[in-house]
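Once you've had a glance at the structure underneath, I'll fire off some questions.
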Amino acid sequence: MKFLFEILKIESISGDEGQLAEFILRSIKQRKTSWKVIPEIYSGENFHNCILLKFGNPRTAVFAHMDTVGFMARYNNQLIPVGGPEIVADSVLEGRDSLGEITCKLHGEQDEIFHDFPRGIDPGTRLSYAQNIRLDEEFIQAAYLDNRLGIYNAMKLCETITDGWVVFTTYEEHGGGCMPFILKFIQETSPIKQALISDITWVTEGVQFHEGVVISIRDKFIPRKKFLDKIINLAKESGIPFQLEVEEHGGSDGREVQFSPYAIDWCFIGAAEENVHTPNEKVSLADLQSMLAIYPYLVERL
Amino acid sequence: MKFLFEILKIESISGDEGQLAEFILRSIKQRKTSWKVIPEIYSGENFHNCILLKFGNPRTAVFAHMDTVGFMARYNNQLIPVGGPEIVADSVLEGRDSLGEITCKLHGEQDEIFHDFPRGIDPGTRLSYAQNIRLDEEFIQAAYLDNRLGIYNAMKLCETITDGWVVFTTYEEHGGGCMPFILKFIQETSPIKQALISDITWVTEGVQFHEGVVISIRDKFIPRKKFLDKIINLAKESGIPFQLEVEEHGGSDGREVQFSPYAIDWCFIGAAEENVHTPNEKVSLADLQSMLAIYPYLVERL
Amino acid sequence: MKFLFEILKIESISGDEGQLAEFILRSIKQRKTSWKVIPEIYSGENFHNCILLKFGNPRTAVFAHMDTVGFMARYNNQLIPVGGPEIVADSVLEGRDSLGEITCKLHGEQDEIFHDFPRGIDPGTRLSYAQNIRLDEEFIQAAYLDNRLGIYNAMKLCETITDGWVVFTTYEEHGGGCMPFILKFIQETSPIKQALISDITWVTEGVQFHEGVVISIRDKFIPRKKFLDKIINLAKESGIPFQLEVEEHGGSDGREVQFSPYAIDWCFIGAAEENVHTPNEKVSLADLQSMLAIYPYLVERL
């Protein structure tokens, strides 16, 4: 889990994913010769900060977003959210501006958020949750498990995948925006019919810790039933623990697959967490294991 | 109206339109030899559950959505909406899950909806309004007139249309998602400049029963005035009864034409109903006649 | 400023931009021979009412929207908004319908707006704020400075630009809809990597009159930090007065660049106004000067 710990420590609030993207790209280049298939790599300015890996002859693409929620300094001591962070008073925030390093605390409520840094912060400065990784035998707890675990899962998949796209995306927490050009590139380069969203979801009254990876039947948007049925049948065959989610709200990179000008089926599959979008996101290690196990199984058979 | 009665009895909640699509496709194949022009048919997995018919040299496309609102089982005895159904207590719902057929009643209010089925229902199971078609000399009343009447209208149009696309779409009630790939296919196959939305709208203080088919000047979105003027002038010439609608809210497949990467004008034209998105949608037969009459007139002249 | 005064007097509520587009097109044709580079002009039905000018070999496009907010007659004496006009009681509205010219006053509040015209107005009729231009040594005040000043700025840019697209768009105030087909045309004709949005923003506690043109770090959506940093550095070098904006809400044609299927960076740059979307929009002439100065500087160097 060295790679996971490393990426948990790199800030990449939506719109500023450059540093994390560089780290992931470097890791890909170091590791790829040990992978079953060496992928073609697409990255750089033409892809903004996204990274696309093409393995063999893809039928399916796996998407993991690199960005996180956070805060942006407005005027005076005001903060405004990037994405949808929970406003938990006294959360420790970190960042830097033209005058140097910043560590401060969050105050206020939804729609009126402030920091307590003794000086003003340059408008537009991004602030992340201070990282604090806690690991025991059952759980991992940290800021930004959403979606560092999804990235970790995608990187593990790279070790064994023979055919498929693995894609690291930006902006997911703040309305999206990279998926349209990524999907266009994929469909014009080596097109797919299916997409899996490697991301983290919520513990609810129907989704519990230690019950397995979550296959999402719906969030705000609804994948096509025919594709869901296919995935659920494969999951049953696999013997890997999984649970089904049915939610009215929430979204993911799957939303932009749904609204793209391509007939691509999609499904969100990932572990569930408590304390979503706080510094204390918490995931069951057993559920993470199921997530790591089900992706290679599905990508091979879909 | 045999075809109308048949399609009124087939469930096809957004995301699960397969059964209705198959029935429509079968009807098309049976009927097409009696039509003035035999269309090219595009359907199957590459189009998910959508069906596209190309007649002659199209200038205009007509879109009718096949999906309906409904409910989805969540956990315990909870339901969540698909699309925007009205929550009318004691409405009878039907569906089936792994344990068999389901008939139950709806309880609760917006944001807290329940069923009274004596056992749990598999999460993700779709439930439709029980169908009850009522026909007298003035009105038809049933669940899902929105948009079975729009489909019926599109099928009647097929009998006489010489040039144009007739398209049966999915997902309209739940945010859309098929229109982008359909429009791309149309524009790359036999492009159009104009789109008509064959769908059902609302009776309001300005739109009354028996006053004719509704030409919508706007809903939440606004078609280009130049195109509206052209349609309204043709409608006046036709002598077919029509009324104009001006609404602040609501949407249709027209929304996705507006936001597509093609310069295509669009307009919503259809009969108005009472009891929208309930089991008791009610439409004037005279208004339906106007709808059936105006489509061939417009498609020929636009 | 003759051109500015002329376009301030032409009505063009979203969806009905034809008259203004014709005037701008006529002006372009009259002036282009005096410009440093004579552009290729794309307009007409294939572009609905939009106008695209291609100068030299573009790297950047500048977008200025032609439409304005306003009102539409519904039934009886009801009005509904087009875009997001402020509801200021007694504002004078103007328009025309099948029975002739209309001048009336606005009454009511958000969600219940009325006019006091002594007769009914044809449903669907558009009503604009009566124009009243006020100019002194420090300020210009009028209806629809948003976005007549953005258009004025784009036209001034045409005089000296050597490489770039200058584009006049529609529908921006009412959710957009032309940008997707414009961006597709640009990318297939002479593609760009960068977009500047020539539009007017808001005076707030952090953005003041006379402090220079506003470079927006974010509104509801967030441009990529790397591109913002480049622009801000160039702005510093230029010596042109500018201020930075950080807002949680609001949107522009930049939104549709963000969600387009092209990897194009974007940034909103324009003067700030008070009394947004009222008949009394007010802009500092010094800020307008900074706006006029920064566009040629940036477009040449980006």
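Each chain gets a letter, A, B and C, in the order it is written, and its residues are counted from 1.
Simple rule for what comes next: contacts are C-beta pairs under 8 Å (C-beta built on N, C-alpha and C of every residue); 3 or more make two chains touch, one makes a residue touch a chain.
From a predicted model like this one, the values you see are computed outputs, not experimental measurements.
Fewest steps needed to get from chain A to chain C, stepping only to touching chains, is 1. The two copies, chain B and chain C, are related by a rotation of 120°, based on C-alpha atoms and rounded to the nearest 5.
Taken over every residue number at the interface, the positions common to chain A and chain B amount to under half, indicating a different-residue contact.
Separating the CA-averaged centres of chain A and chain B is a span of 36 Å. With touch defined as above, residues shared between interfaces to two or more other chains in chain C number as follows: 260-261.
Note for the complex: chain C touches chain A at residues 193, 204-206, 217-218, 220-226, 228, 244-248, 258-263, 265. Considering their complex, residues 14-16, 18, 45-49, 72-76, 80-82, 123-124, 126, 171, 174-178, 180-181, 183-184, 260-261 of chain A touch chain C.
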